[in-house]
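Each in structure tokens, the structures are laid out below.
In what follows, chain A forms one complex with chain B and a second complex with chain C.
Right after this comes the complex of A and B.
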């Protein structure tokens, strides 16, 4: 089970995701509300995995992903995207995202993806 | 659904924040099409959409999606912000608010005209689509275009030492959705292990999903077969066959996937060590608390205040000096606690002020007026309970100012004023009060018109009117049933007049006054206590019994000169500095007292009245408890308070007393 950093600009989504990840036995080591905070928290907490929202104020998810990757090329980042954001996901994958989950979240799918990425 | 209900209040709270952000930035856009405002709206609509989808509020999701699409187009520069578009956006945002209200009340948040609203937005894009346009994302998501996409696989260089060549044949799982994206992730992961030399079918075809789920990758890597096995053990793959091309003799490694992941053992999930780390790592700066819980806490603090006083009294009665120090400490803690509770309940006025720019815009548009709306001091804080009652009166005053105060641009110009009228809404803290003013530079209140109307309505005789000061005449505006509007409009003429505004403000223990100069404008000033929970009262004794009078109702205290008491029409009145004030002895409440020699002058709605009391004990901050339903309503008493000595003291309802006359 992994130590996870949750990045999303809404408390609602963070709470939802946190509860899903907790129920899957993961530890939530931190939360961030924008890209800047995500990069800072990553450096501070060095989590096993990051769930990264895409649309966020200030620094968006893709930039944060790149920031984290430049700090730690082995970082495991899973993007949280909405339906219809395929181009976004492609861009994220080429920037080093290891997986993606689609909102609205379905707990089994989220947990399977996290497990997959943690195992790879 | 019940599972999601737990998130409902969080959803509502955060959705409202996002909605407010949308409205705020929409209005900002109208005056200046800044990229920042566009980005903010896009983000808020996107967040709202995501949250709504998670809660299964389909209506809200659709509407937010449509708005998000519109802003996508605006961001891409394909659409300009016009007045008409703004109207569509604002009505969509109005609908969002109504939908949130419905959802909060337990409904599904699907208005009847949802389809029209969604279509209204989509028509602007010119096509109906449920999917985000897959256009230029670098623009849509802000500055991440160039260099974001890593280049094509690195050019084939010299073969490195220890590098092996593998052919990996992969077959995507049938359960895997978006297999092109999953294949991309696997390719990307393989690329980290070495150099991809060939993909069949072509990589671009795989990435676009134009393949049957099978693809072959040839890779040169020094990472070893185990690393490749790990990458290809993804649950997205049904099968992976790895062949070492340098040693064709070796049998290919086959990774077969079980269709379902094996369930974890419950006890493996959380080790105590880990949870300790969680506590350290997570940093919570804000929490959300239901306001009703704060009310309960406030009540508990009030009980503490009362009992602190009681203990102090007991200690004094029994001369328990040893208790003094402890009591002091308790006293300080309780005061701190009380102050803290008050502060926690305080919210900045922006909470309601932020809704007004929208209202001003709408009214001004409808009335054909030009208005510059300025808000100042929105960070001034007020108790939640006061704030709740303040929205409607303020809205009414703002509507009045635009509707009746500020003139049409051409009239203003003719009068030598700027075409655009100014409406200022400001708030500030003044010692123990919060003062809110609403000031316009319109035509002001015509005392002549008011007087005429008052006579027409039979509120006053012509002869009486002659003797009234300008102030007194303007005060008629606050009388029930008075309106100077020439015609009833959709905006101000809703049958609610300034009398209701005054009643509401007074129910909040505040006062309202107006200053107006004809031709120059009007200024309404609201004086409000920052909180209603604790009130400063004057403790008096009447016929030996204690009674509390809210200090905000007390105008002055004077000695009762018996020779100035006259009887007018069967009622006592007293002459105080050339002013005749009705005198009340409150015999029916406290019994006749022959020791009264102090006069307390009370005021409510500019009307004065005096009462005779034995003596004044002093001022005190108290918590007023309403009378319980068992006691019913009691004439002249608005509630009770329990000061330190534990005695139950009635609080005089000055407003009701004065209204009786």
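Right after this comes the complex of A and C.
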């Protein structure tokens, strides 16, 4: 089980992910609402994994992913985006994302993906 | 081409038989004794290790055949390639997304798409995927990057063992348009246009999609049981949800309180 940082600009999505991950036995060490906050919280909390929304105000998820990767090249980041933005996948994978979740998602599959990434 | 062992349903009983598979037809040996040109097949369904073949006729004749996976695979491929269906050569990717999680090793496969009476089939040399039309949850003409270029694809969302799965079909745009129209017509009962949800009901819908139960939904959205029931009624009315089971909420009777109080007393 992992220590996870959830990054999303909507409280609803953060709460949903928190519930899903908590039910899977993970420890939610922090939450962030934009990319800047995500980078700062990563440096402070050093989580095992980050779930990162792509479209966010100020610094977006891809930029935040790059920021986290420059601080910790081994960081495990799973990107999370809405249907129709799948073209961001390549960019995210190229920037070092370990997994990709498309909203809306189903809890068991999310937990499976998180487990796979944590074990990789 | 090949003679394969099968079990076939005859008058409600399963009998052991053999099928001689040819390119355009198959012949079921005794005790069934029937030659089946694949062109007479109008529908093909798959249920675990069972193939349900519907033949043209009034009334249509239905054959149920069971066998090992390898045999069923060969049979399915031959039937799909020659049966009476709307069929096109295309590339397909299935699954590309499962339960919202991108399948990272998903690849485009060259094969055929066949739209039958009750299901869509994706068939390639190594793979056969059946999507019952009743399980299709969305069809859309969209763009996807293939070898660095944005190309038109048909995106099909469907249910597979309770997972929401996304598959893509890639072929020339004119053919995609025909496929899209065909599928939209075949699944028009599932159209949701004109139905609008208020934000709270939409959030409830999203939480149900994610697998949350009623208790979790009430807690997450900070709403009462009564409020949630009202939203459920609204969603039920427009056919977006169905009742799986009704859970009882209970409290102890005086007899129950006494029983529990006694039960937790240390033994004397």
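For this structure, a couple of remarks:
In this text, the second predicted complex is superposed on the first by the 120 of 120 C-alpha atoms of A that agree within 3 Å, B and C clash if a C-alpha of one lies under 4 Å from a C-alpha of the other, contacts with A are read in each partner's own complex, and residues count from 1 in each chain.
Assume a contact is a pair of C-beta atoms (placed from the backbone, for glycine too) under 8 Å apart; a residue touches a chain by one contact, two chains touch by 3 or more.
Keep in mind that this is a model prediction, so the values were computed, not measured.
Superposition of the two structures on chain A leads chain B and chain C into a clash. After overlaying the two complexes on the shared chain, residue contacts for A:106 are found with chain C alone; chain B is out of touch. Once the two complexes are laid over each other on the shared chain, residue contacts for A:12 go to chain B and to chain C alike. Shared-chain residue A:20: touches chain C; no touch with chain B.
Look at A:89: by the touch rule set out above, it reaches both chain B and chain C. By the touch criterion stated above, A:69 is placed in contact with neither chain B nor chain C.
Counted by residues of chain A touched, the larger count belongs to B, out of chain B and chain C. None of the stretches 93-101, 111-119, 129-137 or 183-191 of chain C clash with chain B in the superposition except 93-101.
Residue overlap on chain A between its contacts with chain B in one complex and with chain C in the other: 12, 15-16, 84, 86-87, 89-90, 99-100, 103-105, 112.
Within the complex, the chain A residues that touch chain B are 1, 3, 9-13, 15-16, 24-25, 27-31, 45, 54-57, 60, 62-63, 66, 82-91, 93-100, 103-105, 112, 115-116, 119-120. On the side of chain C, the complex with chain A involves touching residues 97-102, 104, 142-145, 150, 163-164, 166, 203, 206-207, 209-212, 216, 220.
Across the complex, chain A is touched by residues 7, 10-11, 14-15, 18, 40, 42-43, 46-47, 49-51, 53-54, 56, 130-132, 134, 137, 141-144, 148-150, 178, 181, 184-185, 188-189, 207, 230-231, 233-236, 261, 264, 268-270, 274-275, 277-278, 281-283, 288 of chain B.
Chain A contributes residues 12, 15-16, 19-20, 84, 86-87, 89-90, 99-110, 112-113 to its touches with chain C in the complex.
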